[in-house]
Each structure stands twice: as C-alpha cells, then as structure tokens.
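The following pair of complexes shares a single chain, chain A, combined with chain B in the former and chain C in the latter.
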Partner chain A sequence: MAEDIKKIMFTVRKAPHGSIYVYEGLEVKLIMAAYDADISVVFMDDGVFALKDGQNTAELGIKGFAATYGVMVDYEISKIYVDRKSMEDRGMTENDLLVIGEDEDTEEPIKPTVIETDQIGPMMAEQHNILCF
Partner chain B sequence: MLHTVNKSPFQNGTMESCLRCVNPGDAVLLLEDGVFGAVTGTSKTALIEEALKNAEVYALSADLKARALENIIPGIKVTDYAGFVDLVDQNKVHSWL
Partner chain C sequence: MKLAVLVLEGPYNHEASDSAYNFIQAALEKGHEIRGIFFYHDGVYNVTKLMEPPQDDRHIANRWSELGAKGIDIVVCIAAAKRRGIVDDVLVPNVRISGLGQLTMMAIEADRLVTFGD
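Coming up: the complex of A and B.
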C-alpha cells in the first residue's frame, strides 16, 4: 500500500573520489530502491561535483560511478535534486550536469532537477529518514 | 525536526549549510566540534543569531565544558546527554555529518 512506502532522503555533501562516501552512498541508494522505498537524493555543497558530466577515473585506477548515475532512472530513482547555490558557488551551471537516464516515451535525456535552497528544508520535513553521505 | 552539527564552523561549511535548510520550528543541536559555533563574538555568531529567530538552537554541555567555551550566544539552550536523548526521541533527525 502506498502509505506504507517509506520516504527516504539521501543528502550528498562530499566531493567524489577523494573519499569513498559518495560511492558508498550510491550503493546504499540502489539497495534501498530494491525495497520499494520512495527515494530522493539531494546533492549540495561539494556533493554537486559528483554530478559533473565527463568524469574519467581511468588514470586513478578506480571504477568510476558516474556511469551508474546514468541509469538511476532505470532503478526508479528519478527524484534527484541539486542545490543551485552550491552549484553557483562552485562555478557550475545546469549545462555541467550529467544525464541520469532517459524519458521512457520520448527518449529525451533526463538531468538532475535544480532546486533552490529554501525548497530543501520542507522536502526534508516530509521524510521518514534522512541519510547523509 | 532535529538537525545535529558536529563540525566546527571555522573548519568547514556544514553549520552554514544546515542553517540554510532549517525550517521554522526546527531544532538544531551543536555537539562535538560543532559547539565552537555556539560562542558569541565570533565571525559565525550572526548566523546562529539569525537562526534563533525562528528555530531552537541547543549546545551540548559536555562538549562546551571540555573545550572551556563560555559566553554562549544568548538564546542557545545548553543541554546535557539526557536532553539530547529527549530531542532525538521527539524529532526526526538529520545528522549533518
């Protein structure tokens, strides 16, 4: 029943690759999605760097996870939000964001949704749980 | 809703980011190195004073004492571990780690 579905928000506030937080967070999201949870993800602060298009970790010798973000929508995680202020503080624009999937009908690429900071607090208040990565 | 901040606001932006997302009526608990943000007369004092206008701000007494912090910003409620437990019991929690 719909009312039994847990609303779980992930906040991603750390930069990718310098630590394992963002990677581990992604693993947890995919696991939680398998349990029919209502997942939303908010990228803010240095977390917005994880959504930058064109990441290439080959020379670091680690498997990149940007490609996994490219199929988030296939895992039914489409509520992916990015804080506009955090992006602007770091010189990023919507054009820098990677694709997280494509529209089933039109095959148009889907990108994370840019939101204003004052939208984040009310979204947090709606959640059953908030996990920080 | 309870937001907990355990990082010094002079070290990184966690406290500022938290305060940007606080809803009216929310509670914010400063603990561990987060309590450095509770002191009056610093470059971060105004941020807390602004937050106090529509939210409750708490600081954990054990962490204040351990760091010899006095001159706490008026309006901040100093709480002990039992008060911390009550806050967690009464609220959804977001730990700004």
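Coming up: the complex of A and C.
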C-alpha cells in the first residue's frame, strides 16, 4: 500500500495577512493531513512571513492563525520547508522562525526546515499534486 | 486523462473562472474525463443563482450548472461558503456543497489537479 500513498505539496507564496488565501490554505492542509496522503509544505516568496515568530494580529482586528502553525506536527504535518533565499531577501533569518511542534520523544522544539531554492524543483517533480495556497 | 479542477477566484472580477471553464470545455472535447470541479476561497461565488449579469454577457453560474447537468461533480467548499453567505438555497442546480475532503479525494483520484486562481 505504501507506494499508493499520494504525495501532495502545498506552496505558500503570499503574505499571511492582507488577504484570506494563506489562512484558508491552512484549513486545506489540516483536512488533507487527515487523509492517507504524504503532505509537505514549502513557504517561499512573501509566504515566508507566515512562519515569522511573534505575530500579533490584535490591531488588525482579525483572529490570526499563527498559533495553528505551532501545532502542525500534532496534525502530522512535519515536512515544512522554507526557502532560504526568500527569507534573506526579506531580512529574515532562521532565528525568526516560529516553532511548529515538539519532538515526541525528546520534547525538543521543531522548526521548519530551511532549504535552498534549487532543492525545490526536484521535490516538486516527485509530487502527485501541487496546491498553491 | 482524469482531471480535477480547483477554482479559487470569484466570477467576473478575475479571469480564473473563465479560464477554468474554457480549459474544461477543451479537455472534454479532447476526450478527457473531469473527475470534479471544486470551488474554494471567493470561488464559491461562481455558482450562486443570485447573480444577474447583463443579458449580452456570459452567465457564469448557469454555465457551471450546465456542466453539472452533464454529470460532472461540482462541489462548493462548505467552510468557504458559510463565511461568504453561500448556502444551498442560493446555488444553481447541479452543484452541491460539501467539505474539503471532497477536494482531497479529487486530488488523490485524478491524474492531474489543475488550479485556476491568482
């Protein structure tokens, strides 16, 4: 059965606030993770802002959803990647990234995996679906 | 080929809906199968019967309904719809409201999932 499990990649390329795309895209990820699919998420372009630690949407008057990223591992979405170049272009470093969960055994915090832009193409080539939210 | 189509933008305001429709027509003419059409984000506005465009323009909701009448499964995401006031009562015929699980099944079962959005 293992080879029947479909690989589905999400790309997040828009800023987290200012439109609903990234928030509703997150809802899709959480639902699809409940199915028998191999889910991965790549944050690039303005999408990297979604992974910035310490977001506060109170003054925007919206609910905010960064806290949900903090429990992605609990939803069995642990393949979370972020494009280094996109981060650097926006003045972000690995230290700015939020925690996406903790290791079951060691309770160590887990952070998104920083990858190089040229790694993304080969990852995409392996996917059954790529969804852009 | 078995295709599924995801539409993420509303009608008229963006071309995504027209492009999706034209893509589906072309695919059907080539003999491909459409596994399903899923509306998400503002895409849920595509299939409300409350729209009343000028008579000399295309009627986007009726166009989708006609595709549904051919037996293509057309699904509106319930979470996105509820947020935007789209309920069963305002849908054109041959379209249904259901959950994101339906999109998941389309993604898994189709050979290709093609997204139309910005």
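The rule we apply is simple: the second predicted complex is superposed on the first by the 133 of 133 C-alpha atoms of A that agree within 3 Å, B and C clash if a C-alpha of one lies under 4 Å from a C-alpha of the other, contacts with A are read in each partner's own complex, and residues count from 1 in each chain.
In the analysis below, contacts are C-beta pairs under 8 Å (C-beta built on N, C-alpha and C of every residue); 3 or more make two chains touch, one makes a residue touch a chain.
Since the structure is predicted, the reported quantities are computational estimates derived from the model, not experimental observations.
Within the superposed three-chain model, A:Ile31 lies in touch with chain C and out of touch with chain B [touch as defined at top].
Touch criterion met: A:Cys132 reaches chain B and chain C at once. Applying the stated contact rule after C-alpha superposition, one finds that A:Ile120 touches chain B and leaves chain C untouched.
Of the two partner chains placed by superposition, A:Lys63 touches none, neither chain B nor chain C. In the superposition on chain A, A:Ile20 makes contact with chain C only, not with chain B.
The contact surfaces that chain B and chain C form on chain A in the two complexes overlap at residues 128-129, 132.
Residue ranges on chain B touching chain A, taken from their complex, read 1, 13-14, 17, 20-23, 26, 92-97.
Considering their complex, residues 6, 8, 20-21, 24, 27-28, 31-32, 34-35, 37, 128-129, 131-132 of chain A touch chain C. Against chain A, the residues of chain C that register as touching in their complex are 6, 8, 40-41, 79-80, 99-101, 103-104, 107-108, 113, 115, 117. Against chain B, the residues of chain A that register as touching in their complex are 11, 13, 44-45, 85, 117, 120-122, 124-125, 127-130, 132.
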